[in-house]
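These are the structures in question, set out in turn.
Two complexes, one shared chain (chain A), two partners (chain B, chain C).
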Partner chain A sequence: MEEFIEHIIQNGELILKINLIFTMVFFLITLFFISSILFLRYQKILKEKKLKKLNEALSNFINIYLFDESLSPNDIKTFQSQNLKSAFEQKIAIKTLLVFEENFKGSTNTMICDLFFMWELDKLTERDLKSGIWYKIARAIYVSSELRLIDFKELVQSHLNSEREEVRQQAIFYLITISEEKPLEFLDLIKTPITLWEQIYIEECLKTKYSGPIPDFSIWLHHTLTSVQLFSMKMISEYNQYENIDKMVPFLLSEKEELKNAAIEYLAQLEYSELLDYCKETFNSQTPNTKKVIIKILQRIGNTDDFLKFENRIPAHDWMNLQVFNNLKSNFIEESNSVTV
Partner chain B sequence: MEKILIIEDNPMVSKSLEFKLSRDGYEVFIAEDGRVAKEILEKQKFDLILTDLMLPFVTGIQLIEHVKAVYPGTPIIVLSTSKQEDIIMDAFNLGVEDFITKPFSPNELSVRVKRSIKSASLPEIK
Partner chain C sequence: MNIYQIAEIASWLFLFYGIIISLGYSFAAIFSFLEIRDYKRKHNFQAEFTLLQSSSLPSISVLAPAYNEEANVVENVRSLLTLNYPSCEIVILNDGSKDGTLQQLIETFDLEEKDFKYYQFIPTQKVRAVYRSRNKAYKNLKIIDKENGGKADALNTGINLCDHEITCCIDVDCILESDALMKLVKPFLNNTKKVIASGGIIRVANSCIIEDGRIIDVKLPDTFLARAQIIEYFRAFLMGRMAWSRLDGLLLISGAFGMFDKETVIKAGGYNTDTVGEDMELLVRMRRKMREEKISYNVGFVPDPLCWTEVPQKWHILHRQRNRWTRGTAETLWIHRKMLFNPKYKVLGMLSTPYWFFFEWLAPLIEFLGILYVIYLFIFSDLNPVVYLIFFAVVYSFAILFSITALFFEEFSFQQYKKPKYIIKLIGTILIEPLVYHPFIMWASVKGNWDLYKGKKNWGTMQRTGLGNPQKKK
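Let's look at the complex of A and B:
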């Protein structure tokens, strides 16, 4: 083989020499790639092995800490210095603590939180919160919410107007979770409009993560953001805050169509007694969109005659609202027939 | 020493339960799914069975049916999430003794386990 290669180098044609060079280059590249793959694979196996060992050590240690009561603060520090040196190891420790926190409640959870501080994992969380990298921030806020780390409130609040939706959502989740009596205080600090998904999310968090007194939603009726005002009206109706009806009525005269429409819709849900008269008096001067809202709520706030009287008030060219009206009318006729039968 | 069989597919939870109940003085056996649990149950009888409802291969309900048919006197405590209301009702209808929702307090679990074993060992009043 060596002789053959030497022969080509000394006596071979140019094309053969080029061929030989390329063969060697490709051979070296292939060798490099295969070695890299093997090396990475080996690294991955090592990492997985280390991770498994760490998970096991953490799980055993936490169980002893929670249920054995024979550990001293020194043991906790020793475990930390031996097993939780790198950021990676600390992240795994946080993940494990969260699994325990998720499954246990009562004094066990308080102990888990204490261990979090004894292992100084709050430092990593704080570092992540200040990192400026959105996924690290979102993860750190999530950890803070799950472990109810109230000390990070100011830091988390600074991410309320983050460009990333994920960070904003985690911040909302945190602020509602840690709150004891003013869960929506953060709305005062919001500068970017809250999306429909965020509104649903806030509503859900309020129901599942907060157990204090329900706030007076009228506080945010005059917020600078329309989306917050709309959310506030929705919540007033959702939580049947009848005492706030008077504060919602002025929005029937709002110049912003969406606020006016929301006021009509939610006042109807709250069964505001003077809404029908308002609808009758102003229907002709309303925009097609507002007319649509009125048509939809008529049956709820009035009787069938009230509803049918509006048929002649819809202009012939307003085909959209005529269609809405006719659909509701046919549904109504079907329902009446089925009741009669 | 009383024997307890834990059927739970989350290894971290089953390990904690094993740890806690061992410390309370019980001999604890673990099955990660309903199929393994059935195999263990074929070989020995337990003083109490602690089971999740959402299990792979054999569901918690099928397992409860099996235990109640083979060992009618063995008390069963269900450890599950509160969202599974319809399944919880089925479990109670099958004669489950107690129900604990996740997240749970390990101390409360200890008390309930102790109480269930004690009630099962009392002679029936005729």
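Let's look at the complex of A and C:
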């Protein structure tokens, strides 16, 4: 056995050396991470203290600025030179201004915007916009959008087809927000499909941030991107643009299933009178996905008999659609019963 | 070949394995760091809760199986009903409970039996009844009473009977953040490819203060066992899954909280009732099917802490859980062995499955063999203690480095444990964990493999002390 051990030690020397080196390296990196954790925590505590102090100073100052006319331009400059020296302090100032901006309207917001310029925070925003670093650009566009900084329109527009989706999204929201009319003009410029999430956001922005005239969404029905076409159909129905029904009807014959399905769904919402006949005639030859869309809109475009007649037209093997139908049927019967009662 | 040569080869093999595993973990740490950094940058300036008002968000069916949950089920359901999302149905699947789970639900939520007709897209045990509430306030609540068939079977029943195209499968006793559904559904919407599933980070809820079914204060558990699991969850989620998500090689979405495209689940055949690792097996099967059918797809991962769960506080329950996890991993890897080192499956075949095979399933076994080898040397030789010490030191130092890195990521990203004393306690736990907790987990895994070999199939009971009290609970 002694021989065996000697053999291990002699031949295993290299292994031991390697292990020893690794042990030391691992311990050193561990120490580095422990120090970093403690440093991060310490830094966070300091940052929070500083933040609290700065936030209080900023809130007090902005309140005085907004509601007390005693402040002179010199006071504003003095506050800036004393409190907003570093990029961190300027970012906090921007955040605080955004909070105020969100809570006020009209002339107060104009004053907030003026303060933003007087504190020269636009320089930081512009610098970020030109930085080429995606997260700084996205944040700067967000700030520009919230404060409606129209001066940056060209700069932001150049990011509309950015490689980063976060930048593209912020650019889209900015262009809607600052627009006084034609809020969706940017759709002509985009080259990347808009996701469902972006479509929902655009819709919300149109409802909450834009106050100009509602655009004619049919302009984009023949856009090169299918996602834009789908979006414009949705918007036509959402804003009840009945005058565009005729422009949507040809999509019922589209070779792209998603366009056809959208046309059926949104034409139903617009109560297109010929849709029921179209559904009756073409149901058997439609794909299961299109059949599902038709089943879901039947109650809206027809009467009870029209709906129930489709039960026998769903193939026995198409369980998915049979279930959709049965769910709708049971809800429908339940509703009828409650009305009767 | 004599004994010396065998010993030498074994030594080099153990070292080689150690280096490979260290490299794997180091790469995981780098990728996770990049992913966390990107995530922080993406979300540090904009709140998305305004979208919660949008009627355009897709409807979601939340499926929660319940088995003998009489004590907490009502509060758990109440908590689910307060989820902040414009359109969702809550489907509670009573999996043949032997206690008063169903009765509690019927009485509390004023349920009445409804006629139902359904199709078994996925074969399941018989459905006894479907209940809806008479009270309009609970109109989005559906209770399905079925014969016992296990969690996988219950979830399959829910998939068969739910109304919406996106299903969110959860453990009924999990505590979800109020905006959890919206955050988890985002990958489905913000993607040009078809998204088949998305998952999130699971956090440990033990000792946290809960009010009205929500976590209001994150506290560090007093027990070492729960704290060790917190560290383990940091490693698994902040380092493991974040990295795999970045590489598009995620093989597991936790059964406690995951969202799935119903159609893809049905086409893949639903949850496998023959394995105890049904959550991993489903995702692997879905991904495999998509790949085989050459359909472009994505799996989303949301790093926000969205779901909180109670972890075992007793060693024997933890043993049972890990035993089951090991069997689940082994079964999944066996079922999908065709994927291993198969370039046809790209990252999944060349990276993910080999990783799971060598470092998740095989690691405890190799470690166990290594310990046996050292014991053998210890008994049959008078080996220089320095040799032991050096081998021990390298393994121990790497173990604490890995955990400290995970803690660093937590500190860098979410900082859920706000009090400085918690950090000190967690560092202390990290120092002890490789000596006490890790060998236990290794033994549970070895035992799991043995049980699998012996044909054990059951789940074992998971006793919980309960979190679901809506009252402020300390």
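Note that in this section the second predicted complex is superposed on the first by the 222 of 341 C-alpha atoms of A that agree within 3 Å, B and C clash if a C-alpha of one lies under 4 Å from a C-alpha of the other, contacts with A are read in each partner's own complex, and residues count from 1 in each chain.
The rule is short, and it goes like this: a contact is a pair of C-beta atoms (placed from the backbone, for glycine too) under 8 Å apart; a residue touches a chain by one contact, two chains touch by 3 or more.
Treat the numbers as computed from the prediction; the structure is a model and nothing was measured.
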| item | value |
| --- | --- |
| First (chain B), second (chain C), both or neither touched by A:Glu165 | second |
| Partner chain(s) touched by A:Phe104 [first = chain B, second = chain C, both, neither] | first |
| Contacts of A:Ser59 with chain B and chain C, given as first, second, both or neither | first |
| Touched chain A residues, chain B compared with chain C | C |
| Chain B versus chain C as contact partner of A:Pro193, first or second or both or neither | second |
| Partner chain in contact with A:Thr304 - chain B first, chain C second, else both or neither | neither |
| Touching partner for A:Asn284 - first (chain B), second (chain C), both, neither | neither |
| First (chain B), second (chain C), both or neither touched by A:Asp68 | first |
| Contact footprint of chain B on chain A as seen in their complex | 59, 63-64, 66-68, 96, 99-100, 102-109 |
| Complex contact set, residues of chain A against chain C | 1-2, 4-5, 7-9, 11-12, 15-16, 18-20, 22-23, 26-27, 29-30, 33-34, 36-38, 40-41, 44-45, 134-135, 138-139, 142, 165-166, 193, 195-201, 203-204, 208, 234, 319-320, 322-323, 326-327, 330 |
| Chain C residues within the chain A interface of the complex | 3-4, 7-8, 11-12, 15, 22, 41-42, 44-46, 50-51, 53-54, 56-57, 114-119, 121, 163, 186, 188-192, 263, 266, 377, 380-384, 386-387, 390-391, 393-394, 397-398, 400-401, 404-405, 407-408, 411-412, 415, 420, 423, 427 |
| Of all residues in chain B, those that touch chain A in their complex | 10, 12-13, 15-16, 19-20, 23, 102-108 |
